[in-house]
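Next, two complexes with subunit A in common: one pairs it with subunit B, the other with subunit C.
The block that comes next holds the complex of A and B.
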């Protein structure tokens, strides 16, 4: 029981140890080397002229009107037309099928690099945003226990612009290769043209290049502004007189504003960047799914930083009790991730509608190991380990599980994107590992630096005393 | 807790001592019922009578007295079923999830919310049971060997999952509620004077002595039951949502249904808790236990869950357009602008728009206003289920089978009648059992020193 004795509250100034810097830099360098190896083995890029693209789209067209147009263009010879019709008959089964519309072999080899940047950018963007959401939730829920380590999510939040720029770079350079719909937009087809796609045409009010860049930029800018505001208030509070709760009250307002805005809009980012990779496919829970995947990852990362700072001799107010509760959150949201995963999978599997089913068909038939591995590493393993009380309080074990979860949820996002962009036959290789390591190194370096810039303890926060005496009870 | 921040408000006001708590909360049980109680109870019994009459008519004449038909085969019955099951969710959320989150304000309201859960689940069960038609073979819904006259049940059917989910939920909620009651029943046992009361309270207190050992076990079992109940908060309405979402009916088959139904259930449950407690705290003089701070916290939960439901409405609407599937698009346009537009917009305004008033502190802290809003929430959530069920069914894939549907007098009577069941149970509960957990509230009396 922690509340029996007095705990002295003092400010701490974190200095990034050389060892930590070295670790982050080694991670980045190693990551870059692996990225280089991965790039070298990509092979040359194949050419893909616009005509070839248009033609290929027509051949693998998704809709019947296109078939007629196509037959008109090429089907002068009666026999040829018949042969074509037969060929199309086979294709028709695959109009939503797993192999329709990918043509991985026609995409430039560099596409894999850009797709990786999209994945890594999305992953770290969401981690920054979820860290910010964490701060906001603590304020609006009047939570006291997490105050002692609130500088950790605050520092993580400052990373937001970096991954966002990375995403923008990837989509600006390679959107026509990453997104089937962007490819299609590029062709400027109208009803009756060869290769016309009614579904994609119907979505063009949302899925267009302007939206892809514009909407997320505006949203991320507003979110980030609110995040900076919250951090600013938190830092100013340190210098305020003891007992001044004005910063705290203001923070609640900004947190509520952010939480609502974020809640209502986060799905839009996920739809644009991730769901639209499978341009014809849709799922209403997809935004929630991606958010939860990254939310549980963010909590694991907060736990990792807290454990690290404790080990380095900081965060004197944080005890096993706080780490235990972080572990409980990891456990709870691991289950929630599985719940959301099942909601999507079960309902699509059960109804078995071709428009939805092909999403899982390709992910199951062509990526069985990834599909099952994703489930085992994101749910079974953390669930079974985190059930134990000791796993939440014995730090080496908690760290191992947290790292596993970070990697496994990276795979989760990768698995949402890659089969959609490339169709069957992709696998995690040097390039994926290298890019992840590079950004992980950068992220660690960035967050530790941000932590070192200000005091580690929010000394004037009205709930600090409560947090210092936090105790899980059993 | 000694170290609670000075800016936290007291959970129990009025400088109550432990003896005050016992006296205040045991008062209705030890004294003659008040006039307010008698009036309320009489009204409830009248509604119970309406239920009895409607049910008798249904059973005597047959399900044909309901207006459900070949296209709209689920109408008021299943709407009411989902409505009541949803209301049942707040109790477990408050007792289990808020316990795990160490929200001490739950201690003044958990008892009545759990009771409400149990009564609401009883009301809910009426509808699918009597919709079966031949209720006397209702046990066929269980997986019994064919020798019982039944056929082996279909484990692939979400309707069967419902049977398991709801019965599990009911059992665990009842157990949780009862175990929480034991120390308080013992307190009453020691206070009552008549022989009969001594016997019954003595029997149900199961020999509670209040020793350290029994308390330690009590706390442990509460935590274990909370752990078991938490998945149940999610599972019950998830499975109710799969009754719809596993189908291929436009407007029903959508992947967001499970969490969206759960959020809606908590929303409606808190709506009902607010309806009951705003009145109870006034009539029973419990304003120092169920404080303005409690109402403030509850209204915030109503606002959050209402917004979550709102996000789901908007997401569904957007994705219906985005999907490019004309049936989905039609189903949603028909909801908003078809013949049942009034139901859709009632749902939207009651559930998404109205709760936004709770952004203002005055709205969160004014009891009569909260009471009105809680009714609005209940109305909105009833309409949500009506919209989901009726607007999706009344126009199916075949225009030749398009119909309109409205509940018959019997269906309306059954629905009003379930309020009779609910409130009769609730008034009996308020008379014979302590509506606030005395033992737990005593532990938070001095939450500031």
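The block that comes next holds the complex of A and C.
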């Protein structure tokens, strides 16, 4: 497709095919059934995991001295630190970092359900936000190639409120079971009390219940407002006269504002919802790591929707060239995910400081299959396949890899949360799969409906012509 | 085949028919019509990349990717050999009581060496293959091809209808027609 080759640009109105509707509903129903099965077996699996926890507690008792040493390192006043260490030495759950009175086995069985809602909510919230960030990046970078399928990330963005409400629900109901700092906050201890935790007390200015609910609510509200604004401008542009670039210019301004705000604040959401599961532990790169994990997932999902719409006979301006470039993005950010993953792991592995090590200790020793599987499915598989040019242009293979990446990155987020909340002995079960399927079905249904509400082609976008002639070369 | 591509050279060639263009759309059309007429286009020179021209000319996919792969492999082996020799074989070092065998701390060095060799190797082989390496004599058909003109060069063969080829170039918007033989240019 070269210059001079004329491409006719026409508006398309997407009608959700019954087959797609059925697929989404089946996904939801199947997900609900599996969730039901998972819920019904919660009691049983809980007692099972109780045994597993007790077992590995016994196994790990030799690690206790290391954590005591860590308590000493933390206190500036040596004597106070010693007293601190003694207090903590009595706690039997010292092995996984100091967590006063926070025992996995004492949690209600329902905690697993709420933790799953937290994970699934975070996953889809980040997908919505990353889709919005995608739109903003295209505007700020003056990128033309992606204009032809611009409505896909726009439709994905409209899902933002749903997962956020789910997160809020999970957090409001079960925060003291999900976050040990929330449990600690609930105890209202002051210096000198038995079980007083200097680290958590020091973090309480940021890590408190008000912040956990208030800050993300404000941020998501602002982000979502900017997202609606960008979508509104894009839709109004469709109705405007050809050649009117005022909407485009306004979109660039809103995009720049959003991109800067989002770049600075996305980490905060990750700290509050995900990293604070291990409240004593911190990693400066954790926000980037979670963002990139979800960013590459979002690009995979955009690719899936584009391939689907193409197959259903829509998006006449999109060609193999666009799909190839989406594949390149998936490949590039797969490498970046591994880069960030290794950066976080390597520094902690090399420094070998107990207060940092326990994060990987539990994940490597008690969840070895998950730890290695996560790395293989999120990096090795997509890397080796997407390395080939033909894989990026052969749609069945690209779709297979994109689906693998969506699932594997869901596991990535799950793996950040579950060992932190429950300690050892958890595994992906019916409940995890069921809840993921339910929300995946809802997401597909929601996005397809959003796509059908407006024209599929941003007909008056100034870069549409450029996008139609996009060519990555021989 | 020699890596320095003789096919790209202008030396020891038959007479060249040269069409000069001002507009890329005309250039593409002219190239297309020449290819359609069965004329072998020697090369097209443009001051900037023209999308789609490579497809019209029937240029095969670049093998630079394969070169990059082997450059990367070289870098990786180099890094592993180097670390192993320095850190394990020649003078074993105990740093932070980490094991001597392969550890995650090797990975950044392996990664960087791979990337370095790939980047340098690709740059080097790209310029070598394209006769743009330092020290290779510049062979420029027309100085304006580096500024604002686009040039199609067709190499004449025995029994070729030069007149109709030139007509075809002219018809598709050539602003100038020239002949190039043994380094001498003649305006037609």
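Operating definition for what follows: the second predicted complex is superposed on the first by the 411 of 474 C-alpha atoms of A that agree within 3 Å, B and C clash if a C-alpha of one lies under 4 Å from a C-alpha of the other, contacts with A are read in each partner's own complex, and residues count from 1 in each chain.
In this text, a residue touches a chain if its C-beta (ideal position, glycine included) is under 8 Å from a C-beta of that chain, and two chains touch if they have at least 3 such contacts.
All figures in this text were calculated on a predicted structure; none of them were measured in a lab.
Colleague: With both structures fitted on chain A, tell me whether subunit B or subunit C touches more of subunit A's residues.
Modeller: After superposing on chain A, more of subunit A is contacted by B.
Colleague: For A:210, decide between first (touching subunit B), second (touching subunit C), both and neither.
Modeller: In the superposition, A:210 contacts neither subunit B nor subunit C.
Colleague: Thinking of the overlay built on chain A, is A:264 touched by subunit B (first), by subunit C (second), by both, or by neither?
Modeller: first
Colleague: With the two complexes superposed on chain A, say which partner A:348 touches: subunit B (first), subunit C (second), both, or neither.
Modeller: In the superposition, A:348 touches subunit B alone.
Colleague: Touching A:469 in the superposition: subunit B (first), subunit C (second), both, neither?
Modeller: It touches subunit B and subunit C both.
Colleague: Quick check on the superposed pair: does A:396 touch subunit B, subunit C, both, or neither? Answer first, second, both or neither.
Modeller: Neither subunit B nor subunit C is touched by A:396.
Colleague: Which residues would you name on subunit A as touching subunit B in one complex and subunit C in the other?
Modeller: Residues 3, 346, 350, 469, 473-474, which sit in both footprints.
Colleague: What residues on subunit B touch subunit A, complex-wise?
Modeller: 1-8, 102, 220, 223, 231, 234, 238, 242, 245-248, 253-259, 307-308, 311-312, 314-316, 319, 321-325
Colleague: Taking the complex as given, what residues does subunit C use to touch subunit A?
Modeller: Residues 24-25, 28-29, 50-56, 59-62, 65, 96, 98, 104-105, 107-108 of subunit C touch subunit A in their complex.
Colleague: Within the complex, which stretch of subunit A touches subunit C?
Modeller: Touching subunit C: residues 1-5, 342, 345-346, 349-350, 352, 389, 469, 471, 473-474 of subunit A.
Colleague: Mind listing the subunit A positions that touch subunit B in their complex?
Modeller: 3, 142, 144, 198-200, 202-203, 206, 245, 248, 260, 263-264, 267, 271, 280, 282-288, 335, 339-340, 343-344, 346-348, 350-351, 353, 355, 462-463, 465-466, 468-469, 473-474
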